[in-house]
Every structure is written in C-alpha cells, then in structure tokens.
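Across the two complexes that follow, chain A remains constant while its partner is chain B and subsequently chain C.
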Partner chain A sequence: MSKLKRLSLGWGILPVAIFLAIWEIVARLDLIPGQFFFPPFSIVMQEFYYLTANGVLGHNFLSSLTRVLIGFCAGSIAGIAVGIIMGWRDVINKALNPIISLLYPIPALGWLPLLMLWLGIGEALPITIIFICSFFPVLYNTVTGIRNVDKDFIQVARTLGASDTKILTTVVLPLAIPNIFTGLRLESGMAWRVIIAAEMVAIPTGIGALLMKAESLIRIDIIIVCLIVLSVMCLSFEKFFAYMEAKLTTKWR
Partner chain B sequence: MAVEFTDHAACAYISQDKGWFEEEGLKLTAYESYVTGMALAAALARGDIEVAYICLVPAINAYANAGVPIKIVAGTHKYGYGSVVNPNKIKTVNDLEKPDIRLGCVSEGGAVDVILHKTIDKYHLSEDKILNNIQRMNPPKQVLAIKMGQLDAAFLPEQWATMAEEFGFEMLLMSQDVWPEMQGSVLVVKEDLIRDHPEVVRKLVKVSQKATNWENQHPDEAAEVMARQLQVVGGSLFPAEAAEVAAKLEITSQVLLRSMARLEYTTAIEPKVVQETIDYIAKLGYIKSSFNAEDILDLSFLEK
Partner chain C sequence: MPTIELKNISKYICQEVNLKTLDKELLVLLGPNGAGKTTLLNIIAGLIDYKGSVLFDNLPVDKLSTSKREIGYLFQDLVLFPHLDVASNIAYGLRAKGEPLPKIKSRVDELLHFMKIRHLSSRYPKHLSGGEKQRVALARALALSPKVLLLDEPLSSLDTQTSKYLRTELRQLQKELGITTIYVTHDLVEAEEVADRIAIIYNGHVDQVATPEEVFFYPKNERVSDFIGAPNILNCDYCRSVGRGIMEVNCGGLSIIVPHDGNSVQRIALFPRDIYISDTKPPGPRVNRFKGVITSIKSADDAVRLEVKAGGNSLLAEMSHSIFEDMDLTVGKEVFLILKLRRIRAYEGKIG
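The block that comes next holds the complex of A and B.
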C-alpha cells in the first residue's frame, strides 16, 4: 500500500476512532443521565460478540439478508428489463409512463398495509416490499439512461449497418450503464432501510424484529448493535455497487 | 404513579375511585395508564414514574436490563393471562402449530409472552412453528383483530382475554393451567422512595391491601367501579393507543366481573415464585442472567 493510500485510510479512520472514544468516555463517566440508556461502546461490542456467539444475530441477519437479496435482485432485474423496453420503444414508454409516474412516488413502506392484507404476514411480504422499493427507481434510472444516449451514436451505428439488437446491446446499454448503476447503488442501501422498517412492523424475524424485541426488553445495547449492523450493511451494499460502477463504466465516462 | 390499563391493577383503580389514596394523605402528582407492562417498564426506566402497578415480568426486565432501582413491595394478584381461540379452527393446544393459524401475542418481554413460552414448553409444541406465526401487537389491537376476523388465536392478559370471548372466541388455557402459582402484577416503588419516604410506601401498601380486600368482598361493585374507571372516567386515563380501540370495544361490568373472577387478588407474594420467574426469563434470554429474587423484593412493608 502506498504511503499516500495509508495516510488517506488513516484520515478516514481517525474521526471514527475519536467518535468512539468520546462515546466510551461520555458513557463511562455517566455524563448523560440514565447510564442504561447510553451504554459504552465496549458494552455494545460485548453484546455484539454475545449475540454473534449464541447465533441470535446471525439467524436474524440471515433472514434480513435473504429477503434483501431476493427482493432486490428480483426488483432490479425486473426494473432493468422493463426499463430497457420502455427506454428503447417509444410507444411502450408512452403507454406505461403515466402508470409508472403515478406509482413511483409512493414510498415502498406505503404499500405495507395493503400488502399485509393482500399477502398476509409471511416471507412474501418483506420480499415484495423490497421488490417495489427496488423496481421503480431502477426502472426510472434505466429509462433515463437509455433515453439520454446521444442519438448521433445510434445514427452512426445504424448507418454502419448495425441491427436494432446490435445497437441496443453494443451502443445503448453500455452508455446507459452509469445511470443504471446509480439506481442500483442508491436502492441497494435503501433496500436495507426498508426491510428493517417492514420487519419492525410486521415480521417476527430479521434485524428489524430483533430491534423491536430489544425495545420491549429495554435492551439499549442490542438496539445499538442492530443499528450498527444496519449501517454497515447499507454502506457495504452501496460501496459494492459504487465499486462495480467504477469498474464497469470507467471507459464510458 | 402508573398503572396498566387492565383489571390487574384493580386495587389502584378502586383506590383512586374511592379516594383512598387521598384519605391516607397520598397526593399523586401524576396518575398514568399504559396499555402494556413493557410500555410502563420503559416509562419506569426513563425515570418518569416512582410507583407502579405492573406485571412481574416487565418489572424484572426494567430492573435487570435497564438497571432501574426498584423494589417490589407487594403483589396485587396471581394469574390473569390466557390464550383464547377461534373454536371453529382450534380444538386442542396442538392445533396452534398448524401453519394457517394466525396467532397474536404482545411483544417479547411481556407476561403473556412468557405464558406463550410456558405453553410451548408444557405441551411440547414446536417453537419454530408457533413463533414464526406470531403477530406481535398490543392487547387492544389483538381484540380488534379478533373482532375483524384477522386472528385465530391470541395470548392476552385479562380483561382483554374475556373481552375476546364476546366475539365468539373461547378460552383454551388460562395461566393457572400453564403455570400454577404464577405471580401476576406487583406494586413496585423506586428505591429512593423507600429510602427517603418509607411512610409513603407503607401507606401505598396499606391502601393496596384495603382495596384488595374490598374487591374480594364486593366483586360486583368492584367490576362496576372498574368498568367506570376503564370506560367512562378513562377520558384522561386512556392511553392514546387504546382510545381508538376502546371506543369500538365496550368494557362492560359483566365482562369485568367474569374477567376478575379469573384472577386471585392478593397482596401476598411468594419469593420462590418470583425466583422461578426470574430464572425462567433468564432461560428465555430476556435478561442477561438470573439474580436473587431477594434483590428486587422488599416485603417488609407487607409484613408490618
């Protein structure tokens, strides 16, 4: 690792370390009234270890992760597929755009009461919520990406004798990828935020359900552990897609 | 002072109705009602409350998990929880395991949730099958869900369990079937109240004993008082979460009379039963580790 990279990493970690040190000191010195409402970072980490060792965190985490992966992958694939068709075929875009424009602004969690009645409480519920959460933004970004491709490129390819399919796969989609990835990146983090909220309201397993259980047992340390897991997962998913975006789109940017 | 919005806290509601707190020179600066013991435990932990009539299990949670310095100075009743079911769908306890059965229960850490686990243990039911089917909601919401046909079984505290019978549900198991000698609610006070004002605690226990004796001697009148307190006087007492539901559900004196007959009102409390409760909720993982019941009990006021 170059000296510059190490220095940059150090500067990234330093504020976090200072924040954690202040947290520990403030909690240990009981500077905030009600010590049990503000446990030290070390106690939270101790609970993190305990929850990991006894499998509670792993079990709930896997439940949430599975729902996010299934819902997000299905929503994204559907969003990209429909987005490509809408972006590529003007007539389909004109037909579907009014419906999409009406449905897109509804927050994913707004569907929850309706889906609870339609689907009941079960695995289908959080997966469908994540599907909706991912589908519309990815669709919107895909359509935008495709429709924003410079028409001159398409014209040149057509002049050179490329078929519609060839133009779509070799010209339009590569140029739309940055937009598509922006949608995927943003929604990958959002999927975690939404799943936690859905599990808090209606699902008996997952990190959100563990949060609610901790709330009713007045276990602040477990609540903070869950929030840390949520934060790390949002960040990891977003970073993964940012990395993939950079990797795949550098030459088109 | 805080109480649960159930007939578990009958001695507090009756004392309030009869003016016995004032008679003893106890001037309550606040008298708040909470839908669940967990909500009340959280209020205790925040420091808002000095005296509470609360179910034993959330009181232990508040003490062990949030470090709230409280002491149990008296009991209020034994039992007071039950599982009610749709008799068309559930005939036996084992039917609770069926995948299409929609179960309701309060959040983890409530006394009813502990009864749910005791039921699973006693009847060797599948924890996975039961817990994966549970919808967590507070008692009034469960009763409303029953009324709307959205639940097939519910684990409820009294008076909500008896109210569910009004909608065609039947009592499958009462707490005494599942956990003989189960301690229901208790009177808890902050440790500093005992230290700084022991005479206040003595009076609180005295009023509780008086009200408990009275409700045992006058069950019909006690039910009417409770109906009045929960339904009519409730304007200011109703917790916001319960108000909307309570407006749709009538808590009548007849229902309360049946419900209160299912509880054994007594201020006596067995340290052995409290210890059993502590050990059991530690086994469930609701508190980090078990502790000695004597640490949370101060029965000296009861003995005097």
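The block that comes next holds the complex of A and C.
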C-alpha cells in the first residue's frame, strides 16, 4: 500500500475512532443518566459477539439478506429489462410511461397494507416490497440512461452497417451504464432500509424483527447492534455498485 | 467509385434540389449555417426520409437502408465511441458486419498504418487530441471501403493550424483513394483548398456548381457573390509576365501587378476588404496605387463600403467605422487606392 493510500485510510479511520472513544467515555462516566439507555460501545460489541455466537444475529441477518438479494435482483433485472425496451422503443415508452409515472411516486412501504391482504404474512411479502422498491427507480434510471445517449452515436453506428440490436448492445447499453448503475447503487442501499421497515411492521424474522423484539425488551445494545449491521450493509451494497460502475467505465469516462 | 446524383430532393429547407457529382471528385457543399448542407448529406446517407431520388451510378438507392448504401460518413463532431479504444472504434463497422476476426485485425492494422496512428491503437478517445480524433474517425469511416465518403465539417472543431494541415492531407488521401466525396463546410478558404468543384447552397437551393475559380470569377448571382465576399471582378484587356510568378495586367486603364504563375490572365478578383483607401498620397513605389473619386458611401453594421471610380472601373472598398470617421471622406472626394498584392486573385482560362 502506498504511503498516500495509508495516509488517506488513516484520515478516514481517525474520526470514527475518536467518535467511538467519546461514545465509550460518555457512557462509562455516566454523563447521560440511566446507563442502560446508552450503553458503552464495548458493551454493544460484547452483545454483538454473543448474538453472533448464539446464532441469533446470523439467522436474522441471513433472513434479511436473502429477501434483499432475491427482491433486489428480481426488481433490478425486471427494471433494467423493461427500461431497455421503453428507452429503445418510443411506442412502448409512450404506452407505458403514463402507468409508470402514476406508480413510481408511491413509496414502497405504501404497498404494505395492500400486499399484506393480497399475499398474507410470509416470505413473498418482503420480497415483493423489495421488488417494488428496486423496480421503479432502476427502470427510471435505465430509461433515462438509454434515452440520453447522443443520437449521433446511433447514426454513426448505422452508417457503419450495424443492425438495431447491434447498436443497442454495443453502443447504447454501454453508454447507458453510468445511469443504470446510479439506479442500482442508490436502490441497493434503499432495499436494506425498506426491508428493515417491512420486517419491523409485518414480518417475524430478520434484522427488522430483531430490532422490534429488542425494543420491547428495552435492549438498547441489541438495537444498536442491529443498526450497525444495517448501516454496514447499506454502505457495502452501495460501495459494491460504485466499484462495479467505476470498473466498467473508468477507462473511458 | 460511383457518381452521386440528387433528383428533385425535398426535405426541411431543401426544396427540389438537383445536384450531381462527377466520378471520383471532391464536391464541396458550401453555404452559411442553416442552408441545408447537412440535410443533403443525411439524405445521401439515408439517415432521414425525403422526397425525390438519390442515385449512385445512375441507380436509385432510395429503398436501401443506411447500412446498405456503402457510405463512409464523418460527422461534424467526429462522434468516436467513447467506450471503445481506437482499434475497436475502427473495427466497429467490420464487427457489425460479422467479418471474420483475422480479416478485421488485418484491416484495422492496415488503416492504423495508413493514417499513421498505430501508436494510438489502445488509447481511448478522451486521451486523443483533436487532430488524432479526426484521423481515427476517418479511419473508421474508411474501414468498410465505402464507395462514397461524406464529410460534415470535419475540421470545424480543430485549431486553424491543425485544420490547415489536415485538409491538405485529407485532399491527398481522397485523390489517392479515388473515392467520390461530398464535403460540407461554411468556410470559403477551406472549400477553395479541398474542392474539385463547389456547390453553393443557400436557403436549401443550389445556387451554383462550379470550380472554385469559376465561383470566384463568375459568381452566378449576387447571393453567391455576397457569400464569397462580393469581390470586385475586373476584365483584363492586356497582360504580360514580369517574371517570378508576377504578371502585369491592364484592367479598364489601370495597370495592376498580380501574382500568377500561368501564361495569361483573363480576370482578376479584388475583395473590398483587401483595398486600402488613403486620403493622402501613399509613400513607396507606385505599384498597385491608383487615384480615384468616391462615388458612393454606404454604412453597414460591420463596416463602411465605398464605391470608388478609378480609371474605367468602379471598385468597392471596405473600411471600419473608426477609420472612416478619422478620415473625413465624402462623395466626390479624391482618394488613393492601395491594392494588397498577395490578395489579388487571377483567373486564366475559359469557363466550361
């Protein structure tokens, strides 16, 4: 690792370390009355260890992760597929755009009561919520990405003898990648926020459900563990897509 | 390589346009912005629908899609694919046509060598200079060995020096390949340097199709004359060589020294901006300095235009408002005209 990178990493970690140290000191010195409402960071980490060791955290985490992965992948693939068709074909865009415009502003959690009645309480419910949460924004970004590709690129490809399919796959889609990945990056984080909310309200397993159980038992340490897991997962998913986008486009952007 | 013919073409501003190239010639479409030049190019390429007929070698191609017309098109902004490196940009058309890989590789190598850009093959467009991009775009347009080359203001994004160098190179390349080419520009100097013939396009109409010399010395109408700078055209009744590419001609009683390498001069053209006016007798040799009388003064937004009677000629001269105000010129006043030697154009030969 170069000196510059080490220095930059150090500057990134330092504020977090200071924040954790202040947290620990404030909690230990009981500067906020009622220690169980504000446990020190070390206690939270201890609880993190117990929850991991006894499998409670792992089990709930895997439930949430599975739902997010299935819902997000399905929603994104469908969003990209429909987005490509809408972006590429004007007629289909004109036909579907009014419906999409009507459904897009509805927050994903707004569908929850309706889906509870339609699907019941089960695995299909959170997966469908995540599907909806990912589908519309990814679709919107894909359509925008494809329609924003400069028409001159398409004209040039046409003069060079490329068929419509070839133009779509070799020119339009690669140039729309930045937009598509912006959608994926933002929604991958959003999927975690939404799944937690859905599990808190309607599902008995997952990180969101664990949060609610901890709240009823007044276990602040467990709540903070869950929030840390949520934060790390949101960040990891977003960083993964940012990394993939950079890997695919850095050379030419 | 085919001739290209436009028959009664109508689209947007262009109405009932008729135009025909000669075999292997470079025809420049010259006209102001918005005249319809690019529209005509897009029609030839089949990129837009139109009324009328486009013929390659007297055969209509109207029903052929762009990809079947065998054209190479260089767009104004060059439009290199940003996500492909230079080699892949050049190979794009060959890949799209499903050519076998060894053939693609050898053709790309050939073009990289031909355009002298082998060292750029793995670079992406964002790392290329304007001139390099221009070469890559041209190589890409030539990759499929097109029958017709369409160039839409290919040098407009380059600096003057690079543009001047590349148009000479472009001209040589076109001659070497013998490919019928239509070249769009609004730059008169550029047109004159590259063209076999120039088609003056104005408001969607073809005003004149002729060699650059014919356009300068025999502008078909006032519009063409205005576009090329409204030169003063003088008929010469006498000429003799004074050596080293210089001739002395007599036009309406004025003995004028002109730069010309040929045997005779029929007409000369003097642009109004290249005639200086002095209210006192100018110093230096008496060559190309004439006495005259101002017969009219017209003030325009950009300059003041004066008509001066000198010998048997009436010459139009141009000067800035500030100089005009300093000189106190009026109709009927006697002035001296000074002609810039190197800006005088001489025409030899007959109009075809």
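Basically, the second predicted complex is superposed on the first by the 252 of 253 C-alpha atoms of A that agree within 3 Å, B and C clash if a C-alpha of one lies under 4 Å from a C-alpha of the other, contacts with A are read in each partner's own complex, and residues count from 1 in each chain.
Quick note on the criterion: a contact is a pair of C-beta atoms (placed from the backbone, for glycine too) under 8 Å apart; a residue touches a chain by one contact, two chains touch by 3 or more.
All values reported here derive from a predicted model rather than from experimental measurement.
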Clash or fit, chain B versus chain C on superposed chain A: fit
Contacts of A:D150 with chain B and chain C, given as first, second, both or neither: second
First, second, both or neither for A:S216, with chain B first and chain C second: first
Contacts of A:T205 with chain B and chain C, given as first, second, both or neither: first
Vertex chain A angle, Cα centres of chain C and chain B, expressed to the nearest 10 degrees: 160
Which superposed partner A:Y49 touches (first chain B, second chain C, both, neither): neither
Partner chain(s) touched by A:L175 [first = chain B, second = chain C, both, neither]: second
Partner chain in contact with A:F240 - chain B first, chain C second, else both or neither: neither
Contacts of A:G161 with chain B and chain C, given as first, second, both or neither: second
Gap in Å between nearest CA atoms once chain C and chain B share a frame through chain A: 50
Interface residues of chain A shared between complexes with chain B and chain C: none
Residue numbers on chain C that touch chain A, as the complex places them: 45, 47, 65-67, 71-73, 75, 77, 79, 81-84, 92-93, 95-97, 124-126, 140-141, 143-144
Chain A residues touching chain B - in the complex, by the definition given at the top: 33-37, 54, 56, 120-121, 202, 204-205, 212-213, 215-220
Chain C contact footprint on chain A (complex, rising order): 150, 152-153, 155-163, 166, 170-171, 174-175, 249, 251-253
In the complex with chain A, residue positions of chain B that touch it: 38, 41-42, 45-47, 61-62, 65-68, 102, 107-110, 131-132, 134-136, 285-287
